[in-house]
Amino acid sequence: MRIENGTVVSHVPMGPHYRVLTLNLPDVTLTAIPGQFVHLRITQLHDAVLRRPFSIYKVDGQNLSILYKSVGRGTTAMQALGTGDLVSIVGPLGNGFPTNLAAGLTPVLIGGGYGVAPLYFLARTMSQRGVLFVGGAKAVDILLADEFKAIGWDVHIATDDGSLGVKGLVTAPLNTWLKSAVGRFTPEFYACGPNGMLKAIGDLAIKNNWKAWLSLDRHMGCGVGACLACVQKVRLNGQESLARVCKDGPIFESHEVIWDD
Amino acid sequence: MRIENGTVVSHVPMGPHYRVLTLNLPDVTLTAIPGQFVHLRITQLHDAVLRRPFSIYKVDGQNLSILYKSVGRGTTAMQALGTGDLVSIVGPLGNGFPTNLAAGLTPVLIGGGYGVAPLYFLARTMSQRGVLFVGGAKAVDILLADEFKAIGWDVHIATDDGSLGVKGLVTAPLNTWLKSAVGRFTPEFYACGPNGMLKAIGDLAIKNNWKAWLSLDRHMGCGVGACLACVQKVRLNGQESLARVCKDGPIFESHEVIWDD
Amino acid sequence: MGLFLSHMKLFGMTNMQPTLEINLAGIRMKNPVMVASGTFGYGPEYADLVDLNQLGAIVVKGISMESWGGNKTPRMVEVPGGLINAIGLQNPGTKGFTEKYMPFLRKYDVAVIVNIWGKTLEEYAAVAEWFDTVEGVHALEINISCPNVKAGGSSFGVHLDSTARVVAAVRAKTKLPLIPKLAPNVSDIGAFAKVCEDNGADALSLINSFPAMAIDIETRKPILANVSGGLSGPAIHPIAVKLVYEAAKAVKIPLIAIGGITSAKEAIEFMIAGASAVAVGTANFTEPLTALQVIDGLSDYLARHKMSKVQELVRSIKL
Amino acid sequence: MGLFLSHMKLFGMTNMQPTLEINLAGIRMKNPVMVASGTFGYGPEYADLVDLNQLGAIVVKGISMESWGGNKTPRMVEVPGGLINAIGLQNPGTKGFTEKYMPFLRKYDVAVIVNIWGKTLEEYAAVAEWFDTVEGVHALEINISCPNVKAGGSSFGVHLDSTARVVAAVRAKTKLPLIPKLAPNVSDIGAFAKVCEDNGADALSLINSFPAMAIDIETRKPILANVSGGLSGPAIHPIAVKLVYEAAKAVKIPLIAIGGITSAKEAIEFMIAGASAVAVGTANFTEPLTALQVIDGLSDYLARHKMSKVQELVRSIKL
């Protein structure tokens, strides 16, 4: 973990609702792995005391990219960032996804909205190719489908309004695929998206004795494990405890997570 | 008094330390007179609750200009204002200078730093020409000297470091001129600048039974007479009272001002 | 059927005009949005910018029996998210105010609430007695919580017994609706609310500004001539919400919430927490149209949430 | 002569290295800048970013006798100029903390102050007794002012008698320097400071966060699972300065000032008002290097103001 001022290398829209911010971060990029995130300070907001967490979407040499959606005052203020601006970053943070998969297992990635960002970093890192299921409200919320295809992944799409791919939740095409895949593949899930989706994927994995690596999204204070704002109830070897999503997570295996709050 | 969103028409530096901000303000410009000021809201400072007061430097048709120096967080943030930006203005505020001078009197204007801004508006409005004494720390703090000359005013300059005009306070060249002027002219002073200067000019006027119109500078809250943050002890027809610099001022005649706090 | 539904929808969206009118402890207001004492002068100051007839009520700057000069300057300093003021309750006194400003205020169709204070119990009572018979005064707000005067002010408002005595003394002198204004710097706001209710208060205002201070580190002198003053503005809002929530649990009388309102959002938050009305203070300086914007925003919110009366919002917090 | 003078000048400007070292109630610190309880974990969390050896002291997150789970989430919400937290004092308990974190902390040359709390008087005493014999613990900060736990916490800190009892009970169990941490939501901080001093406190920390609350106006639910929490950050700084100033008038023991420090400016303001040391809290989240920046800024300020010792700044307010 480092603290570093990153220079904005580029800041480009991805469709109407998302943007990709690329920063030059020689130190932070050194150790970054898929599933980790960075904590970004928005100095334009004089009255903001908290940084904002964003999954690492890409690492190219010394450049690190995040893929974000403007949902509130911070992410809206971020839109003003221009090439050459300095942005204070703390990272890489969190545990990250396990990337070396046991033989015979097929990586199955499930992403919702910006949730595909860390999954893309994962896919680019994995030796093996697999299947991506991506869901969103509308066609415009389906991100990176082509990028995944370009690196040889099998991509399945679902949208709530059916404007792209299957109409409905991402679990619909997933279940269809699983039926067809029975016997031929044993999936290992990697999911990032809304809690409802994560829970559904987790239950599916538990029911079938598969593994599902879930990236949790919690409001954060420090991002480094100090403030205990981001805790999640988990079960680790039989023992219930409170894990810090920022430090012990954000990635948890489905059997560990206790969803009760 | 109006509240109006003014579009930035231009925003240009005047020397190294000052800038001229020109706003299109159809309503505010209608009634503005010399010596009045506007209250400007700096929306870039999310955590600022007070507007900032600035003397009116120029009114050209629907355009109003202020001449300002960056001295703190607000005036520094103002530098970011660009053409087309909207700025919320309350104004015109305050009483303003009396502009029609009794026959036989010579208008003598004394300004320090940005204090020449309202005096220039005054000079442009007066039917009569007169003398300007302008002082500042260095040559770069002597503003508008040429503009005053261009409209036929006799300009005298003093700087603390002697880098332009007489070395010393603006009262030095003033006193020299007064000696030479004795009998020939009866001056009426109009002054805007630091309290020390205002007090000196006021005392001079009182001693000689002249009039001196002083523009006071007080920290302000509301700018409209509601909060009583800006009060100045004054004597009006024998009666001591607390005048509101924003509403009853900022212009007071030297005999009215009680300098004790 | 689909058509019928869409008509219903249309109807709901367009024709529903939520009513903002309230009757607060006998004070009729067009809406629950007032301007707070000391931040709006006596009425005329903002009249060029704000149509006073659109406000729920105007609470005028604190008035004492005799005129009072207040503190030396500097009296105000801006801090991040707020300002500290130490005006010191400068005012023209009961007679001066009544003669100079009441004729103006009577011309408007808006509730006028006079904020009163005294250095002694007797002074509080005397001011109340004076205003009891002044035409056009709709209610009295009792300032027992001003952080900026040595005698009186806050020293009354932070002790239960003196709070009780002031409220009772004022109650004895007037039939006007009485609104004690509570100090924020107490550990049990509920107890103070209750003692006011028990002694005849018809409503409560909360809160006043917080005792606070700023020092110029270069000169090492306090920035305010009065050394310390009262903090107001957005900075204090989350504390005020908590105090309003606690007071609402302690009393039945209506509450007027004050503290860091800059938009309808904070006003709505206050009402959900338990306030029947709100007052805009410091924001009048930042943006004189704030109170009017709050009124519009409140109306939009009620329509959007299908509430026909603003009263439905009061104390509607879901735990 | 001119030459001599300019040498003097040169000397004054370049060679004068002000000393920041302090001995606070027997706790030796390299400088008066600490990190506040609950905002810096137990030490390891920020160790990658901040050289712990450069800090004046580390105050660890509040510890109770037995481990404690704290509140449900959401536990934190950002508000303008600050945040509201309701962590609820989650901690591994005396044994868990001592085994898991003290070996790490002992490796550093920095004062370690343990923030302790209990739900009963007995628990406070028991925790104090435990730490009395733990190697590497330099002092105890007694949290009698946490707004986020139903039992204990703040309920002790807002009453003089219970404050006295807690301090006395803890005092009886340990020779370690004792630092009660005062609640901000009291009307007479001086009285609380005095009662702590009279009952054996060696220093005081002030202040803790303010009881505060935020409501989601769309759902009308409190944003925090605990309904309310504690406000911290720049928003509370001017109130904290006033409380420190008042406490300094009431007691002789040294004060540790806390509240909204984001740079050397606020730290210097606190020391001028009466603090012997300061602690950085929320700003650790915004900018983990804040404490180090405060140390540098403080040193520069002292040099610029020709002070050779940081102690010259303490209580140096000019009235």
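Which chain is which? They are A, B, C and D, in the order written, and residues in each are numbered from 1.
We take it that a contact is a pair of C-beta atoms (placed from the backbone, for glycine too) under 8 Å apart; a residue touches a chain by one contact, two chains touch by 3 or more.
Everything numeric here is computed off the predicted structure, so don't read it as measured data.
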Exercise for review: Identify the chains adjacent to both subunit A and subunit D in the sense defined at the top.
Suggested key: B, C
Point to revise | Chain whose average C-alpha position is farthest from subunit D's own | key: B
Review point. At what distance in angstrom does the C-alpha mean of subunit C lie from that of subunit A?
Key: 47
Check your understanding: Measuring from the mean C-alpha position of subunit B to the mean C-alpha position of subunit C, what distance in angstrom results?
Key -> 36
Exercise for review: List, in ascending order, every residue of subunit C touching at least 2 other chains.
Suggested key: 80-82, 234
Check your understanding: Where in subunit A do residues touch two or more other chains at once?
Key -> 46-47
Review point. Touch graph across the chains, line, ring, star, complete or other?
Key: complete
Point to revise | In the complex with subunit B, residue positions of subunit C that touch it | key: 38-41, 45-46, 48-49, 61, 69-70, 72-78, 80-83, 85, 87, 90, 225, 233-234, 282-289
Exercise for review: Could you pull out which subunit B residues touch subunit D in their complex?
Suggested key: 46-47
Study note, to complete from the structure: In their shared complex, subunit D is touched by residues of subunit A numbered 1-3, 41, 47-51, 88, 90, 218-219, 221-232, 242, 247, 261
Review point. Any idea which subunit D residues touch subunit B in the complex?
Key: 80-81, 234
Check your understanding: What residues of subunit D sit close enough to touch subunit C in their complex?
Key -> 79-82, 84, 158-159, 183, 185-188, 210-215, 217, 219-222, 227-228, 231, 234-239, 241-242, 245, 265, 268-269, 272-273, 301, 316-319
